[in-house]
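First chain written, first letter: the chains are A, B, C, D, E and F, and each begins at residue 1.
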């Protein structure tokens, strides 16, 4: 008799037959300025009830592609190490069950666990990195697991030529130099998505989206808004290309709902997730 | 000796000689997610004192075109039926006095009353519908008067070919199918405004603007922000075309000031109203 | 593997063996000033995870008394009539299953449905009414189902001497006159709770708590804060007395979380609910 | 046909026959920390529509005592001198028309103008000063018209023994010394209101209430909240005594609505104004 | 020529000759629900410029007792272990310089570092623990360094009879049992402060104040508001007694400014710190 | 041992060897609608710690160009005259020390003092004026020093042909007429920046940026948001041209952080300041 909202956008496909599994990583222990990303997953679920599961532009529906929502992990924000462990375990489980894990953040530091698990599961893993920041610091305040170091750690794991970084517009001079030397690096804009396709080919890919890639006018609800970002349309265009790759895992990180009381940022995150899942071939 | 703000943008043209009559419909009983549109009219009046009555771009002034502000209706948010009745009565009175009623909302459900009154007054009424959402549901949670059903009800009243729907980017698959079959339907963008001119010709027109048509970056202060909306410039362009029609009534709906504490959305609504009135031939 | 919060304070007693059933009535169509009570139930559930199920003062635990949480009703805020119907149906079902229904609001108008259902189920029903406002208006803006009229409607149903109104400190002169004549009326304070016990004896009782009874310093998160309210301690004392009555149903209404961003009001509502349930004999 | 709120609590007594005239002084140029008091008058008017004009505790109604609302003065916040001039002129006009002026602020600096005008009109004027702060600085940042100097300026005008300062709990050591020597000074609490009655007798009195006198739990919406203030009940008791004096003018200052989004502080200011006016003999 | 606020309440006593050293611990990695305590120290400094250094009630001034402000530590919120290390080091340094360290939080987990450093420096250390919560969990989500475990860890370090816990009103049944057995435990109220004096005598004492001890009406700006707390007056009374002890270190924790936009909680924290320091013999 | 943020973006170049000196003018006494610009400088400093000093797009670093931060002036918001005096004195001092003063506001009225000081120091001074509003009123509410009059006063001082006004989109009809006659006037857009270069040549220039020039989607945090503004990219392009001029002083005004709780506007102001300083030849 009584009804209660609990999954993202009404996705209630049974786990067994689902292709995608959404789960939340409510962790913001690595927020260097304003915390709040821990509320990202729960707010996305709540506000997603104002979103249709049908995309008119793609003429496709989440109900048709098999999406389960596994809820949120329990993560201790005061222990990055333990939290990474739990996220890694979740990814691993989903991989073993032949699912495409879809993590919703939470701050970007948790992405490292996803990449680690994916690299273990899939040989020759590539990473598509969409972000305003290089995230290539050796460490931040002495902490090697900072959200500002996640791509540096990923680089150490995967090696040269495996990370494809798009849209970055902020970082230290050293980070930009490092990126130019060791990564496929396409800063400032997203119009070179096609180049990644050529390089990656059929290799497995982890696509990580830090929402601060978007211009703060589009998505102010992140911990460290960086002006001069890309538009939703530019991101859509790039994702429609990346969707042709062999995506084995993905995430959308850094939504911080308390930073945008209007709810517009949460709406952006929700719609982006819907459209992106519908684009994956 | 003592002064007090009370009308929109200082419009104090006497009722008798005015061409336009602004009035507020502070109703948000049909808000499906976040209420607050009831505060739209009062906040628009308050913040409009930061807005000049003169439009530099159009080189025209509200003082020259005869605008009265009749204040707000008293509407019981818990009774959609009674509220529609009162709004309909207001429209009818203004029509009888040969005015062009200009409703400021309030949620979109109240537009039905305006269309009903206009259809009674004017034969062969057309409707220009500018919105992010189809609003074509049979009902919402069993309620046929929902703001998600207003265009469906209008269709039942006016019949095929009378509703011209622009910019819609969200809805059920069925709604999009229905729209394609029964409406003049121009989804996603506003660049086909000219087509409506050709169809409508000299017929009387009701123009209804749901502010969520605009991108949430421009107007986050609405109950259900939907990303990927149009820009202010695109809307201006379309309205400059619609302004050549025989507009008999109009409304600007769904401003929810508590959803945007910055006041930017209210400023958008105020300026839009000024420019739009100055564009009506 | 994955965990998700969904019931009030972790109450997961199975429905069949539960004595109490909590359910939400997310309706605020009757808010005369600031809406937001529709978010009361969901915010109480979310924030209740910071609350222990154990009461140190009473040395009792929610886990020991059988509490189920049935989730939220789906209520159309724009139709008070339809919403009352659904709430009434819920109460009736719970009564038939021999439960004590515990409604969390939502605005006070929904209490009428609870009283109607209880009066049908139980002969000689009494009502304990804890509130800042008389709620005895004939109607409000012409609407007889207003939250300002709920006790008037209850009086018409139950007749003289059945309503025991405590703590009221705001109303029209006529309402106070009416209350003095037709109700057991103990305005301003709560120190006469014992008198109700003497009158009611073993009769069945519906206890309705409008949170604006509390001083706005304690619970600012309500739609119409009224200064000079009672303290939490005074309310605790009164409830410890009412807990000895034969309580057949109860509610806690008018929490409006968006009105108090600090979360203190939600914490008050949650703790009050825990303590009150643990006090019912 | 159409209705619009514009006066405090629906007070629409005609100016000519009114005893009291409420007017707003929307000035906050002297706010030393957080501005916002300029919105005090307009928010009090708006929110007062949730307040009955009838006081159940006093069993009296604003409609019975002749209250007009003259709206707001136009004050340039960047010029204290000019603003004081305009406020002084307003007081003078109301005095000439035999009214009791009731100013709603706006920051406390404007009170100086009221006292100046009253001192010109009435011989032997006394001032009851209810405040958290001494307001006895020689100047603040070099400015002698600061809201922290208003009582010092009043002292210079009226001389020793005319200011009765109650409830003060913050100030410089020098200010406390000065107050003890030159004022009737009753710091920290309000329980010595009776002493003022004895001293003042039938002399004319200006009663100025700085809302930060109240504890921040009761009224957080002021520019400089000072903990350990008095309760509403204590203030009520004191005012019921001061109401027996020959009050010739009064004000309620320093409500800063943006500092308390819950609206509770505005509700406190509104109810306080109602009760206080009903208490003046 | 140019001036800039940077120390608490203008305290600029030179480090060498100061008795007290204030420093901030902007860490909220252990916030179990709402983060934000990381902003406590900076907001206290900023808002303290509205606070006089003079206490009228105590007739004493911060300028007279030697207070330096050493600024904030740099703490990585995602690593509790590393943050504890840095806080411990700071305490140790201050102890070596014969100062009384005064930590402003930040969440309560950091107190453990203070107690550890103090126990190393001072034999027979006692702890006065003022808090709404027991903080005696074995662990929280598997984390032994949680802010819900800080007193349990302190107990393991200091042993039985050294912790004096006051005002606690929330916790698990087991925690209350544990407290009753192993601590000097005075739950719910503060009226037994004198008992601690008798037990402790001349022994060195660390006094830790979790601001959620106060009622949420007084201090809503904490991460987990718990209703039915003590008043400022009750806390003042207790501290005036504890001030007679041999206080070797102290802290005021858990102010979360983003949870109370009114600034009232920050004002409470600032004034409390001033009064408390002025009370220490 | 302990670290504390206090300068903009970590700029700690010694005053003597610096080319630029940033200072804050925390004044908002002239805000005609919403105050809050007084918090602009302190919030920019605080949030600038999330901004790198390195600009990847320009491949230049603030550390390389000599930037000192002199902190904030102490300005009495209730006295525009006195505040202008202090700002003028600051500019004069910096000019005497051969610095390029960089003022961060604060409301636009303070720019007058900067222009006055610059005109005294430099013959043949030109002004580049980037703004949404004409700011050419004779006076506002009788006040000739209003932020709506600053360019009129500057015109009276400098004479015809010296002010180059870009991007203006709001004002009275008379102001637009005045601007067209007496100024180099390029309303609505920024694409004619090159024309100013031709006219000004090697003459000294004061560049004043009112942030409301930007579209409210980009920078909602200003006192009077005006829709249809320019994008960050358009402003960047224009500034890259103005950077070739002989800039002797500059300012960035009207950031009002309380109007945009997301922090996005402050981030825009900070990045704009960094990029603009790095562009000045």
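In the analysis below, a residue touches a chain if its C-beta (ideal position, glycine included) is under 8 Å from a C-beta of that chain, and two chains touch if they have at least 3 such contacts.
All figures in this text were calculated on a predicted structure; none of them were measured in a lab.
At the interface between chain B and chain C, two copies of one sequence, more than half of the residue numbers in use are shared by both copies.
Chain centres here are Cα averages; for chain C and chain E they lie 38 Å apart. Rounded to whole angstrom, the centroid-to-centroid distance between chain D and chain F, based on C-alpha atoms, equals 39 Å. If you average the Cα atoms of chain C and of chain F, the two centres end up 55 Å apart. Residues of chain F found to touch two or more other chains are 74, 215, 217, 260-261. Pairs of chains meeting the touch criterion: A-B, A-C, A-E, A-F, B-C, B-D, B-F, C-D, C-E, D-E, D-F, E-F. Put simply, chain D touches chain F in their complex at residues 28-31, 35-36, 38, 74, 76-82, 109, 140-143, 145-146, 258.
Chain C meets chain E in the complex at residues 47, 49-52, 54, 56-57, 59, 61, 215, 217-218, 232-233, 236, 261-264, 267-268, 271-272. Those residues of chain E that touch chain F in the complex are listed here as 1-4, 6, 23, 42, 46, 70-74, 90, 93. Of all residues in chain F, those touching chain B in their complex are 32-34, 168-173, 176, 187-188, 215-217, 220-221, 224-228, 259-261.
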